[in-house]
Each structure stands twice: as structure tokens, then as C-alpha cells.
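The chains carry the letters A, B, C and D, assigned in the order they are written, with residues numbered from 1 in each.
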């Protein structure tokens, strides 16, 4: 429990102090330190969970499903803060933002981490909602940090769309609570996920069905499911790059996590009805649509960050599909995919950040010949995209392998859509990637000092996961799979 | 064993010896048909002899391959010929190569012939080579198809088995054989560069095919090349004669059998030569781009032969 | 020598390959490392692979082990049986030759700006990938290795990426490789679904309904066929193979395509189990198409490496025809004939690996010393580089399937198998197969034409450009590398009986029957079915050829002492010909172009009579593009153009979408 | 059971709910911004009143607290903030002409029917704590969303958003006897922060496009034609 408190308090206090901390040079380091503490707490927590299986109490619940996401969140938080320190200094020195907004940036960074961690660890659906809404509030200011018209516009859209979505989710939560009241006497416990999960089969299916639709549309907006995704590329492309990294790497995951938790409840309550797999089918539908549409979007990109945010949508769609498909194999694959995708994608965004500094623009047609200008950036970008495109020996391949074979086994016809979607997305990515990394170096672009450590760290991990999944992680994922599907793989 | 090998050797030498005679005979008959007296029957021998003793002139631009080619062409053709039963069936040498190998050996000869044509780097050489390869490319499948028809009938690609199978059957009217025969004749005309595909006697620049490749040769090189083409003609003659009308060929290695075999095969060849000469006097050489049509006819015949074999003879 | 030695050798080979890529990480600092360490390591890896392969073939049986990598519930399974042994041998032979050749060849790049680390590192990974594919015994490792192979070769294709054509080639290559890989993966998915496990052992156990089996076959054929460059999925091949450095082209064309063949054999013959004759028919048809079209395109090319790439399409077509025959015979219960066709396919696979690599290395040598890929600029190279010239001649003879070289033996065996079609019951097959063999014959003749053209234009005649006129003989290593392959070509051509003895265990292990008759008449006589049916004695052929030629030569020289004078070419008495008067490659192909014209899109412009500077321009494109590839590309483009309307930019529209989605879903569930 | 058998308090609740629904119609159609804000304030008051009545009727005591909270937040604080903003943005005189008002109103009516039809089965199973106010609150939510779709004015959009929140509160109290306190607080806090941020954004938007017409926030789009460069 202390571990959990440490994990949660560190960003809370850190955020507050950063809001007040004057000397900017220090802020970056302090930010990093706080993230490190958080990571330490998360690691401790993970160890405890690995030992005891689950930690619950004080309205919190840490089990196999969310503990690895907690660690992931903390880890990406650390690496991104490593990257963001010099990056934001550079931004600040170019005069794009004022010292004050830099302070806002740092405190909001920690606030965002806090909301993420709370959303993951809480056992209360209401608190979950509050936390995710909080994440929106924390990031919306960061999106408009640069104060350019585009940035403001992006922030507004982000705010409005996610606000509405979240509101719908709240309605869904209310309905769930409504259904719970007829099952659970104690009103206080009416929103505790664990309590609901135990008696899920008693929840009134009619209510839960409607509730799930609201929750799906609501949190789905956050996940970036088509057609509620429109905020995502805007927010990613206009916010500072570290923000894009954590948005793509963490926020989407957490939203998807919420959807899956709720799907578990609905599945329980619909088990005896005529449509037991309603939730699953809805997820599959949304997943496929997002996956395909995002793949097509990739072909017509002009902005490098927008491009990769669409690729995030595509992968979220893939995971959603996998969770909808159900079955231990697919679920295991999806869980793994959450992990490797956020690692890879945040690595890519870090690299993209350097590339944009190098070229001085986010326009794809102005980023050319990176390998010639600065091999480190060029190769990292190339390898990152290769990894995200699902080539071994990177981990994304492993999850896609599991996912495709699972689909082939249960729903063969969907594989056609999946394969064509993957091919389209691949072509879309590489047609833009090739001219960016290859070719002769353009005139007047000087190498920038870039810290490639986060990228190497992430890609190294993804590579490791692709070659072999360590036992503790395997058991976590397997326990989570058991939790979600009821059948374990190992 | 040794004896049979000796006979094989004798037969091989027989090919070399007889080849010019066949050419002489064809020319003679043609001359007669054109109301000329024509050169004596043995003129080709004299030509070869003269070429052999003449000095060789090699272009500056020629590479070593230019001088190597005649030997390879000659030997490959000869080896191919040696495996075709001429007077006696079932010689050990026939085991070395079945029909496909035979086609392969001829291909080897052609390959080097064409290369030799291109070696000097004159326009005509290249032209000849290009056309030769076109013709052969179209002729080879037809040839193999025809051969396959026979092979599938005899369930074997070895000439010996084909012939003995044919002998064992006695005289049968096989439609497939009829088609195959037609195809093989057309192919033979093309392969031996006879009218109507090519004119062995012309040196009119733009119509040459075979001659264009030999243009730069002289002396013994030329002799070898000419000789090789004569052997090739003889080979096809024997192939047609002995495969479709194997009767009379020596079944054992007794002198009598061999003698009869020789006489019979000479008679068959005489008849064939007569036919060839008649054809060449009556037909005119066709334009290069009519040749594909001509060879497609051959291919069609061969295919018909094959199909009629599959459908009419094996089926049911 | 125990079976574990096989494993150790294989492991050693992989290790060396990895070591090669590891060492070349330093090459960016110290360029010579690539030449002095990395490339030799590749060669040694090849040697180790040869040893492992031979050991596996000779010892027979199979060894398996697992590595603590891969999925948590499924470590990497390794298995070496006769089939893997054979392909290890194949990979090893070519790779060792390249190990000798490459050091001298990569010297050129030390001056260039392209990253040597990339070159060496990805070459090592490429080799590793191919080795692991052959060693893999479970779907996961297989796919990992497979994609590693594709990926690293993609980087090698994109190696000289300042050339836009190379970039496009690399893009197309990786895209199609990716799609193919996914198809294979799905095929494994089917097998795994019935076998309840990703390891091949449990897939073998699986019993599939014919429908599912056919699905698995179709997926495997799609995937592996795409990699093997079968028509009409070949488009990437003639683009990608020439783009890579020549020794890599040799690896890709000579070895990687064979790895695709291996995968196909492994999945269809080994894992899928019950075969169906319809599959055979499909293979035969596609194979014939690829063989014919491939060679026709090769004949039309003027870029040497492109030409060789197209001829790879043709040869893979031939291999798949043989596999198709094997499928037909096996599924109709003619085990012996099946294994005959099977062995023929394997034999041709090895042969193609040998002579195609030889030819690519030759092309590389020309590129190295004359910096020229365009046939129209070459000529007279035989005198400039006699060694390369001679080796290239051997390669051309082998690929043209002329006795007594190796290409001939395998095609002869295929013909022999095809000619046994009379044993089949179905009249359709009885008439289809001989026609396929006719196509094969036509292909053979056209190949001969193609390589007469290549050799005649490139090595004979006179140089057509200055830099070719001053080309110099390549370094010793390059010559030795080619020499090794050339020697192997001759060896495999002259000793077919022994080679088949080597191949037999494979078919014995895969199909349960070998070729008992093949060597029954003694090592001199190759009699695949029986001595009455067909026999061929390569040793005697070459012996007699040499003997008679020798005698004749000796006789002539003795009788007529060499009286020989050099003179200008006669050329029917025209002026002494200049290089520009020679027949060009385009001209050489003109008759064929005219005869087979309907198969291509030909865009030809002849000069007018009164043209001051007359120019002849010819552009020849593949109909497959217009029929298959462009429509797909346009469809995707159109679809994306429609879809982006979603991102209209107006937040109210977005909100409208949300509302609509909500209402629709609510309506659906109620 | 029909209305007549209900205790008077619940009848009162129904009445208030109906009024709230009517007010969101008013919000939807109201052209003048200030008036709209007033309407919104009244809606907030009604919601809190509903909460109060439910508290009186029921046993859940924390509902008194949440009623007070709602009143403070929705009835007073937020409307006041909006007023200040409108004044500072000098939009007091601003009126906005709604395109095809009749159509929009019809759509809203359809939404009401839809939500009733949707909630019908729940009511049929007689789960509702009070009679199907759930339908009403759902309608309020959806109409709020509809309003955001049809209003181009940023402030009006925020009003729509807030009235959605009202609908949520309504649902929370009517369907369930109020959410757990921690959640109530959290939600209230979020709404407050959201409001503050909205205020910040009004100014940012204004300074970037010197207007609050959201239709002019349309730079970030992909729909315009581009010539996709070939690969490689």
C-alpha cells in the first residue's frame, strides 16, 4: 500500500512544487527526479503484486492487468522526461514559449502522470471517470502551449470532443451505478469495480447494454476510435512533442484499459442473454473501422506528427479488435501490443521531435535525407517505423503474430480485412518515410545535439520483447489474460 | 562388349563418311531436276579436302572462341549423330544419350555456332545469330513434341526402345505417328537450314541465316562447320527414316544384319534426299517473318500428334 | 561423428554470420574491417553451413533442439532433417563463394558515402535469416527468420539510396514481402488452428478437411510464390535484385528464392499432409506462365542485371512446374514418379543457385571493372577479362540447359517425369502435362537465345564504349569466387548420379520413396526409372566430346601446321566494320519481339527519314502492371481521398459524428 | 402505476424534470447569449431542486449536500462566470441566428422520443427509482449535444456542454439516489476546472482568430486536395 501511495503522491507533490518552482534550469531535472521516484514506486508495487498477486484497499485495486500498465506508464514518464528536458529548453530558448508556460508544462506533466496512475489503479468507476477527465484537463493546456492559431484550435477541438465524450461516459457510469443499486445494497460500493465484477451476472442486462454504449462512445473518444477520433491528430501534431509521446503512449492505453474493464462487467451481465458477445462485437466493429480508416488516412499526410498519430489510431483499432475478439490468445496478444506499441510509438515521437528540430518544420516534404544529415536520427526513425510496422525481431511483430493467428482460428474472414489493412497502412507509412530518411542531404540543415538514450532504451526493450518475453512479464500478461477472458494461456 | 563398342565406333565413323555423300546426292538430284548436269556426286568430299588444306585467315577482332567454336560444333553434332542407330539397333553408345540429350547436344552446337557468328562483331554475324536463335527457339519445342509423341507411345525416350517398340508392334497406322512425322520433317527443314526456311546456297546478304554466321570462316574451320551441318542433315534424315520406318535395321551384330541395315538405310536416305531435292526445287524461300507461321504449323502438328495419342490411342 | 555435430556446425554457421554483422559495426570507423574480417566471416559461415548440410544429408535422420527464446509457452524449435540439410548445403555453397568474392568487390564502397556498417551488418543478418528459416521447426521462429531475411535484404536493396530508382525498388520489395509474409503467417494460422500448436510437429499431426487444407495451400502458395517471384507477383523482383550490390543480388537471386522454395516444400509437402492433384495443376499452370514470360522478358532486357533477375523468374517457374508434377504424381499414388519430379525440382533449385550466382558475380565483375550494366555499351570483354569471360560462358551454358552442364541434368529429369504422364488415369492431366513440357522446351530454347545474346553482345565483338574498352581484369578473389561456382556447375553437371544419391534421402524422408533405379547401372549411367525408359551418361558425354575434339585438333595441327593469318573481317566485302556497326542487344531481340509482341506493351519510335540526329527509342513494359498493380494502387488512392473527408476541420461536424454514432449504436442494441 | 397513485413529492419531481427538459429546449433555440445563460442558470436551479426533493423523499442524506453543491455550481457560480466572460468579451449584445430553427427543434423532439423509446424497457421492468426521469435526463444530455452541434458560437457550445452536465446530474439523482460522495465531488471539481479552462480558451481563441465562431477554427484539416508524392 505504501508503494502505491508513493507512486501516487510523488507526481502529486511533484506537480505542486513544479507549479511553484522558479529556476527553470532546475525544473527539468526535478521533473526527471519525480518521474524516477514514481518509477521506483511503480517497480516496488509491481514486485509486491508479483509476490502477492493483488493489492486492494482504500478504493484502490492493483492486479496483474493494471500493474504492468502502471509500470509502463511510469517508465515512459521517465524516458519522456529525459527527452523533454533538453527539448523544452531548446523550445524555450527559441522563444516559442515563455518561462511561465514552461512551468505550466512541467506541473501539468506531473498532473497528467498522476491522473494516469489514478485511473489505472483505482477500483471505483466514478474515480476512474474523474481521473480520465482530469487527464483531459491536464493536457488541454499543454496542447495549446505554443499559442499558435493551430495550437489553440487543436486544443479547443480536443477539449470539446473529449469533454463531450467523457460526459457521455459519465452517463454510462450513472447507468451502471443504477444497475448496481438493484444488486448491491451498500450505495458506497455501488461503483467499485471488484464488487460489481463479482456479481456482474446479476446486473440488469438492459441497463448494462445501454450503459456500455455510452461508456464505449465516451471512453472510445479518448481511445481515438473512428469516427470520434478527429481530436487525436490535431492534439498530437500541435502540442509539444513530449506531450504527443505521452498522449500516444499512455493516454490511449489508459482509455482502452477502462473500456476493457467495463467490457468485463458487461460480458458478465449479458452472459445469459441472447446476445452474450454484444460488447465484443461492438469492439471488433469499432476496431476494424478505426484500423482501416486510419490506414487509409496515412496515405495523405503532410505533417509527420499527424502521420504517426494516425498510426496510433490504427494500432488502437487493432488492439480494440483483439479485445473484442476475445479468447486467450488474442487477449494476450492485445495486452502485449499495448505494451510494445506505447514503447515504440513514444520512441518514434521522440525521434520525430529531433527530426523536426533538425528540419525546422513538421512538414514531411521539407524533411529529407535524414540518414545523410544525421545518421542517428535517420536510422532511429527508420528502425522505429520498421518496428511499428510489425517486422521482427521487434515485439510488435510478436503481438501481431498472435493476433492474426488467433483471428484465423476463430474468425477467418476478418483476416482478409486485417491483412489488407496492414498492407495499406504499411504502404502509407513507408511512402512518406522513404524520402524522409533516404536520399541526399538537403541544403542548409545542420545536425542538432540529440539525446538518443530514450529511443535506444525503448527500441532495445521492444527488441528484447520480440526475441523473448521475460517470465515475470509473461506471467503478468497471462494472469491478466486469465482475468479478462477467464482462461489462461500458460 | 568390345565388339559392340567397335560397331558403335564404326557407325559413328560411317556418319562422318556418309554426310557429304548425302549432300552430294541432294545437289545432284536438284541439278537434274533443273535440267543441269550438276557437280559430280563426290564433289562435297573434294570441297572439304580443299578447305582442310587451305590456310586459315582469322579476323583481327576475333577472340579465341572464334577458333574454338568449329571443333565444338563439329564434335557435338557428331556425338549427337553417333547416338542415333544407323545400321544396328541397341548399340551401347545409344545409352549415352536419349532423344532429349540429342536435342541438347544439337543445342550446344548451335549455341557455339551463334556465338562464333557474333564473335567477329560484324553486322551479318549478329543478324545470322539472332535469326538462327529465333528459328531454333520455335523449332525445338515442335521437335520435342514430336519426339514426345513417339516417346509416350514407347514409354521411353531412348531411340533404341522407340524403334524396337515400333518394330515389335509391326506395321500400325497410328495417327499420332503421321502428325509427328509431318512435324519432324518441317523441323528438319528448319534445323538444317534448307529451303523454304533458309537457302544454303545463297550469300545474298539479307536472306542468309546459317551462312551469315560462317561468313568469316575459312580453311579447316569452315570445313568443320560445313561438315557439321552435313552431319546434321544426315542425322535428321536417319532419324526420320529409322524412327518411322525402322524395318531393315540390324537387330543383332551379325555382319549380315549390319550389311542389310546399311543397304536399307542408304536406300531410305536416297529416297529422302530425292524428296528433299524435289521440295527445294518446287518451293521458294519464304520471308523471315513467315517462318514462325511455318514452325507453328510444325508445333501444331506435333501437338495434334500428342493429343491424338493421348485421346485416340491410350484413352479408354 | 554424432548427429549433434550437425547442430553444432549449424549453430557455428549462424554464430559466424552474426559475428560478421557485429564486427561490421566498427566498419564505419575502420573501413578495412568490412573487407578483412566481416566478408571472410560470411565465407566461413558458408563453409560451416556446407559442412552441416553435408553431415545432415549423409547421416540422415533428424536432430531437434530448442532455444530459450520466442514466446513464453513456446521456445524456438530447431530441427535439421535431410531437407534442411540440403538447403543448408545450397546456402553454404553460394555463400562461401561470395565470401571469397566479396572482399575485393566491396572495396569500391570504401570510397563511397554509403554506410559500410549497413552493408556488412545487414549482409550478416540476411544470411542469419536464411539459415534460421531453414532451421526453424515452429511457425513463430520461421516467421521471425523469414521477415528478418526480407527486412535485411530490403536494407541491402536500399543500400545505395541516393538513387531514386533503388528507393522505389526497395519500397515495392518490402511492401510485397510484407504482404507475402502475412499470407504465410495466415497459412500457419490455419495449420495451427487444427494442430493446436505452433510447432511443426503438432502441425504435422493435424488432420485438415480438404477445404481448409486447400486454404492453407493457397495462402502458402501466395506467400512463398510472391517471394519466389512467380508471375504475376514478380513485379518486385526485376526491380529489387539489380538494385542491390552484385554479390547481394547473387545471394538474393541464387539463395533467397530457394529459401522460398524450401518454405513451400516444408509447408505443403511436409506439414499440410494430404495432397490434392488440383494443387499440382495450379502449380504447373503458374509455373509455365512464369517460365515463359520470365524468359521472354529476360530476352528483351538490355540491362544485364535486370535480365538475370527476369531469368530467375523463369527458373523458379521451372522449379514450380517440377513441384507441380510431384504433387500430381504423389496425389495420384505414383510415389516413384512423384519423388522423381521432386528430386528434379531440388536438383534444379541447387543448379539455379549455382549458375545464377555465378552469372550475377560475373555481372558484378563487369560492373566493378567497367562500371557498366547496360549491354548496349559492352562488347569484346572476353579479351579484356578472360577469366570472367570463361566463367560466364560456363554459367551461360549451364543456364541454357546444354549438356554436359548441370542445368541440363535437372531439366532432363523434369522432362523424364513429365513423359511418364501416360501412367495417369485422368486424360486431362495426360494431355496437360506434355503441353507444359512443350512450354518448358520453348523456354529452354529461348533461354539459349537470351544467353547467346548476353554473351555475344557483352563478351564478344568489339567494345561499344570507352570505359568498357579499357576494362581491366578483376581482383584475384573475385575470379576465384566465380571459378569456384563455375567448377561446381561443371561438377553437378558431370556427376548427376552422385548428386542424386545426395538428394535421394530428402525425398526418402519427405515422401517415403527415393529413386532406387537412378544409379542401378553403375555411376556412369543415370537411369531415373529404368535403363529401357531413359538413360544419360554425362561422364561419357564429356569424355567423348573432349576425346574427339582433342583428336581432331591434334590431327589437324599435325597434318596442317598452323598457317594462319590475321586480316580484317570480310563482312561480304563491306568497309572494315566499326563497333557501331555491330548488332545491338535490342536488334538481336527484334525478331522475337516481333513474334511475341502481343505479350508486352511496346512503345517504339523510329526516326524519320530526314532526321538530322536519328534516334531509335524503345520502351517495353510489363502488362502485369496495367492489369494488376496500378488498379490496386488507384483503388487505395481513391479510397483514401474519400476517407480524409472525415477530417473536415469543423468541430461541429465532429460532434455530429459523435452524436450520430451514439444514436446508431443505441438503436442497434435496442 | 399511473401518476395519480404517486406521492405528491414524486409528482413534484416529475414536474421539475419536465421544466428542466423545457429549459434545454429554450437553450437550444435561444438566440441571445445572455438569455441563454439565464436559461442555463434556471436549469441548474431546477436540477438542484430535483435533488432536494429526492432527498426529502428518500433516505440518502448526502443528497442534501449534493443539492447544495449543484445549486452553488450550476445555479450560481458557472452562470456568473459566464456572465463575466461574456461581458469581458463584450458579447452582451451578441445574438446568434440559428439556421433552420424549426428543423433543429423537430430533431430535439425526435431525440426526446428516442430516449423515451430507449428507456422504455427499463421502465417496463419497473427498475426506475422514480418514474422514467432517466428518459428526460437522457433527452437533456442529447439535446445538449445537439445544441453543441448546431451552435457556431463558442460560448453557446459551452452552454450546451454544461447543460449536458445538468442532464447527467439529473440522471444521477433521479435514476440512482445520487452517486457516492467522492464521485460527486470529483465531478463537481472537474466541471469547475473545465469552466475555468473554457474561460481561458475563449480569450486564446479570440486572440488567434479574433472571433468566437468555431466554424472558423478549420485550419487543421486533411480534406483539401493534395498531390501525394510517389514513394521513394
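Worth pointing out:
The criterion applied here is as follows: contacts are C-beta pairs under 8 Å (C-beta built on N, C-alpha and C of every residue); 3 or more make two chains touch, one makes a residue touch a chain.
A quick note: this is a predicted structure, and the numbers were derived from the prediction, not measured.
Taking the mean of each chain's C-alpha atoms, the chain whose centre lies closest to the overall C-alpha mean is C.
In this assembly, D is the chain whose CA centroid lies farthest from the centroid of chain C. A separation of 78 Å divides the Cα centre of chain A from that of chain B. Per-chain Cα centroids separate chain B from chain C by 35 Å. Centre-to-centre spacing of chain A and chain D amounts to 30 Å, using the average Cα coordinate of each chain. Inter-chain spacing, taken between the CA centroids of chain B and chain D, is 99 Å.
The set of chain A residues that touch two or more partner chains comprises 156-157, 160, 164, 168, 210, 233, 297, 299-300, 427, 430-431, 434-435, 438. Residue positions 118, 121, 145, 148, 214, 217-220, 222, 228, 230-232 of chain D each touch two or more of the other chains.
Residues of chain C in contact with at least two other chains: 164, 167, 170-171, 637, 641, 644, 647, 651, 655, 658, 662, 666, 670.
Across the whole structure, chains are in contact as follows: A-C, A-D, B-C, C-D. Chain D makes touch with chain A in their complex at residues 60, 118-119, 121-122, 125, 127, 129, 134, 138, 141, 145, 148, 154, 157, 161, 164-165, 167-168, 171-172, 175-180, 182-183, 186-187, 189-190, 193-194, 197-198, 200-201, 204-205, 208-209, 214, 217-220, 222, 226, 228-232. On the chain C side of its complex with chain A, the touching residues are 68-73, 113, 115, 139-140, 143-144, 147-148, 151, 158, 161-162, 164, 167, 170-171, 174-175, 178-179, 182-183, 185-186, 188-190, 192-193, 198, 215, 636-637, 639-641, 643-644, 646-647, 651, 654-655, 657-658, 661-662, 665-666, 669-670. Listing the residues of chain C that touch chain B in their complex gives 379-380, 382-383, 393, 397, 400-403, 408, 412, 415-416, 419, 421-422, 427, 430-431, 434-435, 437-439, 441-442, 444-446, 448-449, 451-453, 455-457, 459-462, 525, 531-537, 540-541, 544-545, 548-549, 552-553, 556, 559-560, 562-572, 577, 579, 581-583, 587-592, 594-595. Against chain C, the residues of chain D that register as touching in their complex are 114, 117-118, 121, 142, 145-146, 148-152, 214-215, 217-223, 225, 228, 230-232. Taken in their complex, chain A has these residues touching chain C: 156-157, 160-161, 164-165, 168, 209-210, 213-214, 216-217, 221, 226-228, 230-231, 233, 278, 282, 293, 296-300, 371-372, 375, 386, 389, 391-393, 397-398, 401-402, 404-405, 407-409, 412, 415, 419, 422-424, 426-428, 430-431, 434-435, 438-440, 466-469, 471, 474, 478, 489-490.
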